[in-house]
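Look for subunit A in each of the two complexes below; its partner is subunit B in the first and subunit C in the second.
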Partner chain A sequence: MTVIVDGMGGDHAPLEILKGCAAAVEELGINVIVTGPEELLKKTMEENDIAPRNISFRHTDGIITMEDEAGCVLKAKRNSSMGLAFDLLKNGEADAMVSAGNSGAVLAGGTLLVKRIPGIKRAAFAPVLPVNDKHTMLIDSGANEVCTPEYLDQFGTMGALYMKHMGFCENPRVGLLNNGTEECKGTELHKQAHALMKENAAYEFIGNVEGRGVFDGECDVLVADGFSGNVLLKSVEGTATYIMKIMKEALTSSLFTKILAAMLKPKLRVMKKKLDYTEEGGAVLLGVCKPVVKAHGSSNAKALKNAIRQAANLAKSGAIDHITQAIKETETPKN
Partner chain B sequence: MLDILTVLKPILADIFSVEEEEITPATTFDEDLGADFIDLQEIMLVTEEEFDVLIDDEDLTGIATVGDLIAYIEGRRHD
Partner chain C sequence: MTVIVDGMGGDHAPLEILKGCAAAVEELGINVIVTGPEELLKKTMEENDIAPRNISFRHTDGIITMEDEAGCVLKAKRNSSMGLAFDLLKNGEADAMVSAGNSGAVLAGGTLLVKRIPGIKRAAFAPVLPVNDKHTMLIDSGANEVCTPEYLDQFGTMGALYMKHMGFCENPRVGLLNNGTEECKGTELHKQAHALMKENAAYEFIGNVEGRGVFDGECDVLVADGFSGNVLLKSVEGTATYIMKIMKEALTSSLFTKILAAMLKPKLRVMKKKLDYTEEGGAVLLGVCKPVVKAHGSSNAKALKNAIRQAANLAKSGAIDHITQAIKETETPKN
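Take a look at the complex of A and B:
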């Protein structure tokens, strides 16, 4: 198993990226190819005592910044660390790819260089969120601000097959993010998507789900247009950070609460872990022909390692083949 | 111009999931076909490959209709 990693993508590249790669190699027993300026990458590893075992480099000087236009990965910055990573994945030199870089560029490169699965209208970012002791996938979390009912229906199919074949649950329940649970709720997009999803036999559709229902575990796959999904995801991240902040303030406000905090430490550690985004890896770009994972832009080594694990697991799972087959079966043959 | 349109029709029909008859020089990418960023980038890549021309990223914003794209391809071919 070989995973290719964009060595210069993310706010903490290349150091945290390289540390994450080394941790992944150690923990998962895989090979990693890192793209970027080879001299800089090797120097960073040497200066920080990062073991180079099973890590190789593919040199390129170009870098895509967070401010760059998304389309630059296709032409103007094709020779960047991200562009090269896409080309290597496309050419079969690796089984999966991870980047913590520019999200728009990851979407453009994944969709148009690695290519969409035939029949898939749009690829979508799909992070898996920890909910109680289970998981819920949010699809789309920001790739497509404007969606059609058909996109949302396909997101349901892709999400359900991913959750099943990645071993999260046997019969995923798919819900549609909306402002009410009744069938008549939402915009025209939501009503039309609801009608399509209700008729789709490829997954179990449970109807509309409100934002507050997500963390009650009402569904295993939450389908959303990219705009609403992104607002939800960032609200959840912000809320988790806020909860940890007020808990810390409350537990360190007096000697008594500090003693209480010490007693509660093991439980608090579990709670912190459940709220920590770095535990879950990144967002899969679902709908493209090969495994591509977008790690959080501010990924540290642990987040990057978990994103690599996620990408390797996706490559092993066969989920993309199952999605390809399911979409093929729903395609109407053209005359 | 017609030859380019003949080649473009099935390509655009496939990208936008519409019938080839719906693609005319007057067809607008934005309003008629509902093109988004990904569609425009895909059109650029496919056009470059099919017609062996280079499209500047900045020029994409000036291509509003299928006719504009045809004229652009013709212009580039003669450069």
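Take a look at the complex of A and C:
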């Protein structure tokens, strides 16, 4: 198993990326190829005592920044750490790929270099959120600002097959993010998507789910248009960050509370871990032919390692083959 | 100052509603009229030792449930506790109105009985969220699933004038909820709204704000289409509830942690209060001619009292007159 990692993607590249790669190699017994300026990467490894075992490098000078246009990965910046990673994945030199870089470029590269699964209309970002010791996938968390009912229906199929074949649950329940649970709720898009999803026998559709439903464990896959899925994900992140901040303020406001907080530390750590969705990896780019995982831009070594594990597990799971087969079957009758 | 309260609206009506009314009368020195089945209301007051001082009743048997169609308040259930409250407000028998009942019916009654301010295209629900000891208004939190750029621009005008005249801030900064901060982000609706809002001299537009931006204090008014505003509000609620739940689990997992948690109680209470957005009242229905506040369906006495205070303050503030004037001025050149 070989995972290719964009060595220069993310806010903390290349140091945290390299640390994450070393941890993944150590824990998972896999090979990792890192793309980027080889001299810089090797120097960073040496200076930080990161063991180079089972990590190889593919040199390129180019870097895609967060400000770059998404399309640059296809031409102007094809020769970047991310562009090269996509080319190596495409050419079969690795089984899966991880980047913590520019989301738009990951989407463009995944869709147009690795290419979509035949019949899939749009690829979608799909993070898995930990909830009550279970998991809920959000699909799409921001790849497609504008969707059609058919995209949303396919997101349901892809999400359910991912959750099943990655071992999260046997019969994933699929919900549709909406502004109310009643069937008549939402925009025209959501009403039409609801009707399509209800008729789809490929997965168990449980109907509309509200924003708060993610945490109620109502569904295993929450299908959303990329705009509101993005609003949901960032609201959850923002709220969690805010609450942890005011909790920290409350617990460090006096010497007395500081002492109490210190004694509670193990419990608070468990709590923090429960909220940390990078424990599950990053957002998988579902709908493309090979495993591509977008790690959070602010990924530290641990988050990156988890994204590598997720990418390797996806390659092993055969979920993409199952999705390819399922889409082929739904497409056939129309021919 | 007289506030009229729908005595039968909300999950905990009539008891918590009546307790909230009594607390509001006590604290604010105002008059309250409660609508509903008079015998039941009076009996509930007596049995719970709620002082009837400055509370009067207007009898009606009808009740609008959460399952009722929104439009029933206009005809079939006009003679309900909510319908009667709207009629009394409309006829000038009270200065403001509060209901914790069916949101759709509050919107229908506000728009079609109390009526929109001339020139206002759509009324919107606008809760004020406490953030870092400041406040951010979300407008629209769910009244309009489908919006036009013009609606969003008017929400900006209304929100800014509300925040200014209710004393929250002198020069409210208005942001647009989007899936990225760049100007090119979002659906066609959001791009066009951005362009309109940028040109509007009636308020200070600071550009696009992401879901997590609510808690960054980036803006004082966050304009959203009702669909994604609803997703945001419910995600925030869901996340906060979930975190408080796992925190409680962590703090009550052993006798030792229970003792520590008991010692931290005053601090945890401050924290909980900071997160409780019913401290600011409910969601004001901005865009209608008179003050209408929709309290949360699960309102307890304190939340209801806060909603009454908010409604009374809105009546005193003159904010609705300022909105009426501002809309008149923007409309005039077109005639």
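For this structure, a couple of remarks:
Keep this in mind: the second predicted complex is superposed on the first by the 321 of 335 C-alpha atoms of A that agree within 3 Å, B and C clash if a C-alpha of one lies under 4 Å from a C-alpha of the other, contacts with A are read in each partner's own complex, and residues count from 1 in each chain.
In this section, contacts are C-beta pairs under 8 Å (C-beta built on N, C-alpha and C of every residue); 3 or more make two chains touch, one makes a residue touch a chain.
The shown structure was predicted, so the numbers you read here are calculated from the model rather than taken from an experiment.
Once the two complexes are overlaid on the shared chain, A:111 sits against subunit B while remaining clear of subunit C. When subunit A is checked against subunit B and against subunit C, the one touching more of its residues turns out to be C. By the touch criterion defined above, A:65 reaches neither subunit B nor subunit C.
Shared-chain residue A:235: touches subunit C; no touch with subunit B.
Shared-chain residue A:79: touches no atom of subunit B or subunit C.
Applying the stated contact rule after C-alpha superposition, one finds that A:271 touches subunit C and leaves subunit B untouched.
In the overlay built on the shared chain, the residue A:325 is in contact with neither subunit B nor subunit C.
In the superposition on chain A, A:146 makes contact with both subunit B and subunit C. Overlap of the subunit B and subunit C contact sets on subunit A: residues 146. Per the touch definition, subunit B reaches subunit A in the complex via residues 17, 34, 36-38, 41-42, 44-45, 57. By the touch criterion stated above, subunit A contacts subunit B in their complex at residues 69-72, 74-76, 104, 107-108, 111-112, 121-122, 144, 146, 148. Interface residues of subunit C, counted against subunit A in their complex, comprise 131, 142, 145-146, 177, 179-180, 185-188, 190, 210-216, 226-228, 230-243, 246-247, 250-251, 253, 256-257, 260-261, 263-264, 267-268, 270-271, 274-275.
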